[in-house]
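Which chain is which? They are A, B, C and D, in the order written, and residues in each are numbered from 1.
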Amino acid sequence: MNSYGHLFKITLYGESHQDAIGAVLDGLPAGTKIDEELIKSDLEKRKPKQIGTTTRKEDDKVRITSGVFNGYATGSPIHIMIENRNVISKDYQHLKTHPRPGHADFVSQVKYKGFQDYRGGGRFSGRLTAALVAAGSIAKMAIPFKIKHELVQVGSLKDMSRLDEYLLEVIEKGESVGGIIKITVSDMIVGMGEPFFNKLDSELAQLLFSVPAVKGVEFGLGFSGVEYFGSQFNDVLLDNKGITKTNHAGGMTGGISNGNDLTINVFVKPTSSIKKKQDTLNLETNKVEPLEINGRHDAAIVRRVGIVLENMVAIGLLNQYLMYKTYQ
Amino acid sequence: MNSYGHLFKITLYGESHQDAIGAVLDGLPAGTKIDEELIKSDLEKRKPKQIGTTTRKEDDKVRITSGVFNGYATGSPIHIMIENRNVISKDYQHLKTHPRPGHADFVSQVKYKGFQDYRGGGRFSGRLTAALVAAGSIAKMAIPFKIKHELVQVGSLKDMSRLDEYLLEVIEKGESVGGIIKITVSDMIVGMGEPFFNKLDSELAQLLFSVPAVKGVEFGLGFSGVEYFGSQFNDVLLDNKGITKTNHAGGMTGGISNGNDLTINVFVKPTSSIKKKQDTLNLETNKVEPLEINGRHDAAIVRRVGIVLENMVAIGLLNQYLMYKTYQ
Amino acid sequence: MNSYGHLFKITLYGESHQDAIGAVLDGLPAGTKIDEELIKSDLEKRKPKQIGTTTRKEDDKVRITSGVFNGYATGSPIHIMIENRNVISKDYQHLKTHPRPGHADFVSQVKYKGFQDYRGGGRFSGRLTAALVAAGSIAKMAIPFKIKHELVQVGSLKDMSRLDEYLLEVIEKGESVGGIIKITVSDMIVGMGEPFFNKLDSELAQLLFSVPAVKGVEFGLGFSGVEYFGSQFNDVLLDNKGITKTNHAGGMTGGISNGNDLTINVFVKPTSSIKKKQDTLNLETNKVEPLEINGRHDAAIVRRVGIVLENMVAIGLLNQYLMYKTYQ
Amino acid sequence: MNSYGHLFKITLYGESHQDAIGAVLDGLPAGTKIDEELIKSDLEKRKPKQIGTTTRKEDDKVRITSGVFNGYATGSPIHIMIENRNVISKDYQHLKTHPRPGHADFVSQVKYKGFQDYRGGGRFSGRLTAALVAAGSIAKMAIPFKIKHELVQVGSLKDMSRLDEYLLEVIEKGESVGGIIKITVSDMIVGMGEPFFNKLDSELAQLLFSVPAVKGVEFGLGFSGVEYFGSQFNDVLLDNKGITKTNHAGGMTGGISNGNDLTINVFVKPTSSIKKKQDTLNLETNKVEPLEINGRHDAAIVRRVGIVLENMVAIGLLNQYLMYKTYQ
């Protein structure tokens, strides 16, 4: 179940501490110009550099082994691979007996019967999102839409101009915080989205919830629209390109793009790994005891997740765009 | 794209004013006992009876034409069909030139190039959810989990004991309201959910956003968790069945069920059709002009949608449960 | 697993003796003109009328309940249904203890643990092919290719002008025979087929082997090409439309249509039900004993299967054609 | 469309002259023991060593970058990669203007609009089958069945003891030959195969026709069964394990395994590349002219294809076996 898509398909592989992570991208139209600089600059946005992100340095060099020839997509699957180089060998056995709160350690131990590669979170590591970012960059090369993201809230902070200051306080406490990211897609067209189960919002939500730590997705006004009356919520059509007076529906009606910007809010929960001691169950003794998680953490992973979400949207849009084109 | 599922598959067909709506359900284990009473009682919950729901009476008699023999599933696809009987013939041509705000009239006209069956909203009608409810009832017969739903907010009202009173005011104004529905799944097991793209939350979100009018989905604390620090958000494991001290993650870690109840909040937007006059574009003259939507509306469709969402969750859970069983 | 297709999808339901058989067709382009006469005339070709076919009269009235409006496809799923009317009630319990040789009685008893609807062969009945024929007729309405089929061999007979005479002899013996059907698709284009696993030949073979009684599929020269040297087998390209001097490859190179006619041979095994007594295992006593199958049999079902195969090819071609169009 | 499977999924990438070929294998049960020696010994069977195979030496070293930990499958996708090392750089531009008879040069030029990587046959190269072999070896590690293959005919030769001698004559003529390979699967169980479209024979045929050069597939007696009467063809059940007196149906009834050995014949056409001069169209001048294909050819690729077919069957069987297990 590591594949997504009907026409543009991504198959994702890799674990945190094995040789490599990567993805196979299938269905990119032959002749799509491959812009390696875009891949690099998107990956750069995911790298930890700002306050509140880990001090660990990762080398995210993308190798394209297949499907690109003379700078253009050949129509064959594109294989992108990122070798895992900066892996710190240490004894991760502890994770098998002391599952970290908020992490998938316990569920993966049960689900995979102890055969999972638990080192560094294994397949549940945020590390895999590097391959997603690269995949999304490639998807962007074949769609005419523009996607951007912005942080709208981090922890209890809504004024993003004070972010560094706020995060220093969070770090001081040995804590972490989550946040809300807003994604906007412009230059949209009318008619993308495939009822009943592959509506545009359904597919984007599926993709966004696949990203580790995402716990909420809403379109347009989202949950805050509960306070509106129908006459206030409804977007009034103004022209035959689909432009409406307001955009409370977030650019989709009946799950189909209506020509207005797509607007999506995504809630990313606080990073699970924190410096502060927490309790957990010792699976050997069946007793709850304190756990200290050492290492280099992201106090606000939300600062790095934006580009992952943006590029997941790109992946979904390309799949839907090809579907749309089929019937034009 | 009217199918969902890998092992338990649903294929949905039908439009509001054609002969029938229905679904084909594939992958129900042979030998599953079919409880027709459950289908009836679930459909009963979707029927408009309360204040704030339409006065239109629908006959939702489900006919099972295939796949059930002597009261048990045969292992072949089950076909359920509901004939459309209470269809009021009137001139719906108006919808092609005067798209109703908030409805899919405009996007479907563009997407399907005018060939769509626009009568009564066609394939975008809430009518189709009757078939979904019946399908979900059948899914429930093959899963060991319990699912329930409750209204937690309607419009600005959070005290559900005052709901009828509140909705009378809304109706008085010729308005409609949306709401928030909470779904809870109990008796869960550890290990359901298939990374990377078919995590349990990803699939449930895909299904929930397929339901007309859904504009937000969150698990556990959801968006309100943005105010929490990591140490507050993390759920502490208490025993080796997966039970945690809190359930802020809504029963899923890393997209995999962790043994706690699944908790999901869904935002349903205000019904688009309202009594009050609204503006829209006249597609013939390209001028914005007032539109009056006659007919019998649901001022609070959210009162009827709960069972639809509940049963969509059942559909998703059965698909995931079969996947889970494959590897046990 | 009762669905096929990526863009044009068919989901098939039904058993021989339940209320109805039918199919949901998804992905037919909105605006496709629906020609109900073609459905009728194709179904007519499947009806038993000639020598060597059953004397049982079936009513194959197709009801389209959804997805067609004013004579055109709406873009929503099309649901076609054929009610089972001429069902003879008799005691089929015998089949559960005395599996008929060549039939799926034994395997379905094991696979579905006794819950299968065994009456009249249940889901393994040739009855289901009526729905396939109707589905294929609809597929034909959206493709620019011409498909035809012809009998090239029946039993040991290759001279089709003597067919009636030959079959009378077969019937006289209480026997049945199989045959070879050749399907030809003309007006082809270059470029249909999706490597690696959805090559045109791969998909057509998958579909053709789905039809009951098919035991062999070959393209172009097929198995007889084993006697050729490379220089004899290779088709020499003559013009830039893809036309070759010979067509030994059956119109596909590397699994992609090359502009020449598709030519396919399909082997249909002798009908399993025969008048002659045969041995089988009595599952109650575990002893082999003679079995007499009463009823009205097709001594040469191959006379009726041609249109089924032809229309399966149509289904596959439409799916592939839409895929092809996506990238044009 | 480079993926196959529902529960066990393979996604194949690579072209002949790019950096690497490989595959992502998804759905292998966690805990499956990985036997790297089996991969090596299967790949060894594909290597050109015998008379009638190319003198080109390939290094097929398989690198597993993900999904295996301490010698066992983790439950995450397994990524296998084979680097392309022995690539001879020469001017392949000729292929774009002078399509080789029997090759996919012309169709891929049209389909991919000239963007395909034409070097060495690109994605249509037999080179990709090395990754398939390795994938199939891994599939074998999770199924309880035994699969073998044997050559039954090469060119006009049926007595395999004279094969080397015969092929020397073929090489002398500058020719190539095809052949027929028989695959046998033993230790089968009753009940594998998913009607309607994923019957066991349907899926195996889809996979086998995906292999380059395959032009015919038949089960059991196959086409030769056309000479049989029903009473001769039908296999008589002898015991409640499904064993029949004969096995004319090739181990499947109604597309479901019946407990007897699966027997499959596959026709592999003569290698397209031959030493002898052939005609082709010059796409620049639109004139037919002689073409000489230099390089090191396989006069009888059929000697190397057997293990590819065998391992494709393993891939299909694992997918079906997991499906079977879901419902046990």
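Quick note on the criterion: a residue touches a chain if its C-beta (ideal position, glycine included) is under 8 Å from a C-beta of that chain, and two chains touch if they have at least 3 such contacts.
Keep in mind it's a predicted model, so treat the numbers as computed, not measured.
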Practice prompt. With one step meaning two chains touch, work out the least steps from chain B to chain C.
Written response: 1
Worksheet item: Out of B-C, A-C or C-D, which pair touches the same way A-B does, with over half the contact pairs the same?
Response: C-D
Worksheet item: Which chain's centre, taken as the mean of its Cα atoms, is farthest from the centre of chain B?
Response: D
Practice prompt. Would you kindly tell me how far, in whole Å, the mean C-alpha position of chain D lies from that of chain B?
Written response: 45
Discussion item. Nearest whole angstrom, what separates the Cα centre of chain A from the Cα centre of chain D?
Written reply: 37
Worksheet item: When the C-alpha atoms of chain C and chain D are each averaged to a single point, how far apart are the two points in Å?
Response: 25
Response to the item:
Where chain B touches two or more other chains simultaneously, the residues are 1-3, 6, 12, 30, 75-76, 111, 123, 195, 323
Worksheet item: Can you list the residues on chain B that touch chain A in the complex?
Response: 1-4, 6, 12, 99, 101-104, 106-108, 110-111, 123-124, 128, 153, 155-156, 170, 173, 175-180, 190-191, 194-199, 201-203, 205-210, 212, 214-223, 225-231, 233-240, 242, 245, 249-250, 253-258, 265, 267, 269-274, 276, 278-281, 283, 286, 288, 323
Worksheet item: Hey, which residues of chain C end up touching chain A in the complex?
Response: 6-7, 29-30, 75-76, 195, 322-323, 325-327
Worksheet item: What part of chain A is in contact with chain D in the complex they form?
Response: 1-3, 9, 11-15, 18-22, 24, 26-27, 30-31, 63-69, 72-79, 81, 111-113, 115-117, 122-123
